[in-house]
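Attaching a single structure in structure tokens format; questions to follow.
In this document, chain identifiers A, B and C correspond to the written order of the chains, with residue numbering beginning at 1 in each.
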Amino acid sequence: MADSRFHKNSGPKTLGELVEIADARCAPEHHDFLVSDVASLDEASETDISFLDNVKYKSAFANTKAGVCIVSPEMAEFAPETCRLLISNSPYKSYAYIAQAFYPVHEELKETQISDGAHVHPSAKIGEGCIIEAGAVIGENVEIGAHCRIDANATVTHAIIGSHTRLYPGARIGQDGFGFAIDPKGHVKVPQLGCVIIGDHVEIGANSCIDRGSGPDTIIGDGTWIDNLVQIGHNVKIGKGCVIVAQAGIAGSTELGDYVVVAAQVGIAGHLKIGTGVRIAAQSGVMRDVEAGAEVMGSPALPAKQCLRQMAILKKMSQKN
Amino acid sequence: MADSRFHKNSGPKTLGELVEIADARCAPEHHDFLVSDVASLDEASETDISFLDNVKYKSAFANTKAGVCIVSPEMAEFAPETCRLLISNSPYKSYAYIAQAFYPVHEELKETQISDGAHVHPSAKIGEGCIIEAGAVIGENVEIGAHCRIDANATVTHAIIGSHTRLYPGARIGQDGFGFAIDPKGHVKVPQLGCVIIGDHVEIGANSCIDRGSGPDTIIGDGTWIDNLVQIGHNVKIGKGCVIVAQAGIAGSTELGDYVVVAAQVGIAGHLKIGTGVRIAAQSGVMRDVEAGAEVMGSPALPAKQCLRQMAILKKMSQKN
Amino acid sequence: MADSRFHKNSGPKTLGELVEIADARCAPEHHDFLVSDVASLDEASETDISFLDNVKYKSAFANTKAGVCIVSPEMAEFAPETCRLLISNSPYKSYAYIAQAFYPVHEELKETQISDGAHVHPSAKIGEGCIIEAGAVIGENVEIGAHCRIDANATVTHAIIGSHTRLYPGARIGQDGFGFAIDPKGHVKVPQLGCVIIGDHVEIGANSCIDRGSGPDTIIGDGTWIDNLVQIGHNVKIGKGCVIVAQAGIAGSTELGDYVVVAAQVGIAGHLKIGTGVRIAAQSGVMRDVEAGAEVMGSPALPAKQCLRQMAILKKMSQKN
């Protein structure tokens, strides 16, 4: 249930309106039903809409008091009698659109709002409709597209950022990569001469770090989402629509195709190529190139099936002995 | 030995005073002995008090010049002759109380001190006796209880914080959780409609991140201590008195009971239940619910004994071959 | 290729000048050749200088249009005919010196520049020629040597820092270590009475955290380089010329000798001794002391050869079954 101290509800809305937004279907006799808010299965009241997306919550679904619930065709039969159904092939996505209708996330500002407490270099170019929060520091010659949001205490240098992109608090963009020649008399710094290029509709989580390229650039493709505390080394190239979960790290000069999913706490070594659509399980350590579409797991990472087989063998052996 | 440039000593104190503070015992003839400072075993002088808590430092204990040493009954026999003994069943806790007596950590301020360089939204409610340091950013409608300390460059939005709680530099509280429905045409953001509720006497380490709930709240129980660079996902609920060590991460909607210990660099997957008193070894990857009182280890995490058995078998095999 | 929006080229330079800077050799007839810029193998033009250091890029070397290339004696034969050769035993180090000549990294400022947006305590001592950027917060009695750079939004308390040292954005230096005695009634804080001592020519990456000592100090030796998002616990002592890669963590009171290399996402437990020249592979978990010169791998970490043997055995077994 949304906390009204922090979130303003723009409802109520009719179920007919919501069906359209959500790419879902619903018995026509319910289209006039007035929905007041979104809520989780266990907190929803008779005028709220909720959703079931994870089978773990099936029993919460069976007992929900929600007036309406978004659900896949397969799970519909487990609904309580009191609950109107909104049938969707992607219940979580349908919920996302409906929740956005009640609580809009992308207010399109006309004018850019720069906090008095922000530090924006006079040479930086900031697009229209941006929000720059207190303590954010934007360096020389940085370019930021329209409708971006730079949260509090984030820092940006040596970067060209697209539109509709958001940096969360404490994100660090464009600092020098970790480049030096090892020498017992004192490591010799390699000047980091590239920048960071970030596409449109990108999200970069709190306290995540993206180093600038050493000559080539570090590139983050359109629509890629990066969680908190992620490390992206210099010269890394990430495709479109990737998902990089919290505390993962990608070492220098590695390239990811489009739609790669990197789970939490994964490490990927440098100078590798990770193909389009690859999925990497949490805490894996990737030491080699991975072909498009593969699923890998373990440290060092192996094809997921092989890794699971090793775990099973080890388990069996430890029971025998 | 305390560095006097940074720490002010309020001593000397008699051993009689210290015995009382420390829940320990000491031969009455030493109660008038004047203790000037606390110090480590190898740096202590004849008027200092030190402690032995880790058996690794037994030889430093045998050779210490400390005038007094806090020690468990079992280790007392290894003391040098010159050293007065303060016997305690919890030497480290006794040392903590004594060190606090020399260097008070919780000065109870009457008036709140907000740095000129802090950015506090006018609608935020700040309790009495708080310290808000330079570069801290406190957002709209945030509530902070009495005697809290928000260190430099920390950020807080969408949060209700209890009393006597401290956020270390660069901590990030209340930003959006990592919630979206995956879609090749562009991931669809799920509005994050909850907040973060933090109890009393909580510590949140430098650059740690706690995302706000997606509808339910993210909750951190009273007396829980969180180290640096920790990631807490949306909707996570953590009980009382837990300890979460550096660089650990807890994924969304997972619940921890009271007094859980999560060691460094652990990852816990989402939607799990971790029972009261569970202990999770460093670098473990927890993929399943864990029963109260259990000790788990490894990635994927297993009961500690089973994990150790697997390691032993593997070791034996690699020696044979 | 350097991005001219962000980096100013001080070239062109003759190859004769560069040979001298780079500790390399080159056919005398090329000494008058005018080099305009540095660039990567695939982006270099006929007046640029590039380098080959990683055998992975051998084919890019064979096809480069670079006018000059720095290369080891062994790889020289694979050069394209159009490419002048600059022969070096350490091509990457030679490149580093040459790139510094085109893009100086250490401009020796005479006067210290403190941003209006920085917060420097009046008691702090800042050496000559320092740069303190916006949002940086420097606490009471901190001492910073000459020619240091404190990047945006970094925080420093309880610290003595040498000269020519750099803290990247969001680095956290000197906050309390994670020290407390566990107690169900409320963990008892142990006052953290030491400071952080950082040597000369040290680099500390973005959002990395170094806690101050609990009585002893936390010490970072001269010329040590620390990457982003690294955690250094209280009382840790790190020698000279070490390299600590991103997201690694070192727990309290552990000591590293000189020239230790700690790869990414490594964890090192507390109270250990890691000898000079030790190399720790990525994602390892070090639970025991490591002798000087050893190479360790795995979690828990083993001598590298033993760890690789275990992996090989497990692989063979999973193929049999």
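The criterion applied here is as follows: a residue touches a chain if its C-beta (ideal position, glycine included) is under 8 Å from a C-beta of that chain, and two chains touch if they have at least 3 such contacts.
These numbers come from a predicted model, not from an experiment.
**Q** For the two copies chain A and chain C, what is the rotation angle that overlays their Cα atoms, in steps of 5 degrees?
**A** C-alpha superposition angle, chain A on chain C: 120 degrees.
**Q** Looking only at residue numbers at the chain A/chain B interface, is the share used by both copies over half or under half? Answer same or different.
**A** Different: when the shared numbers are divided by all numbers used, the fraction is under half.
**Q** Quick check: how many Å separate the C-alpha centres of chain A and chain B?
**A** Using C-alpha averages as centres, the distance is 29 Å.
**Q** For chain A, jot down the residues that touch at least 2 other chains.
**A** 135, 153, 170, 207, 229, 247, 265, 299, 314
**Q** For chain B, which residues are in contact with chain A within the complex?
**A** Those in contact with chain A are residues 119, 135, 137, 139-141, 153, 155, 157-158, 170, 172, 175-176, 178, 180-184, 186-191, 193-195, 207, 209, 211, 215-217, 229, 231, 233, 247, 249, 251, 265, 267, 269, 271, 285, 299-300, 306, 309-310, 313-314.
**Q** How about chain C: which of its residues touch chain A in the complex?
**A** Residues 1-3, 5-7, 38-40, 43, 54, 56, 90, 92-93, 95-97, 99-100, 102-103, 105-106, 115, 117, 133-135, 151-153, 168-170, 201, 205-207, 223, 225, 227-229, 241, 243, 245-247, 259, 264-265, 282-283, 299, 311, 314-315, 317-318, 321.
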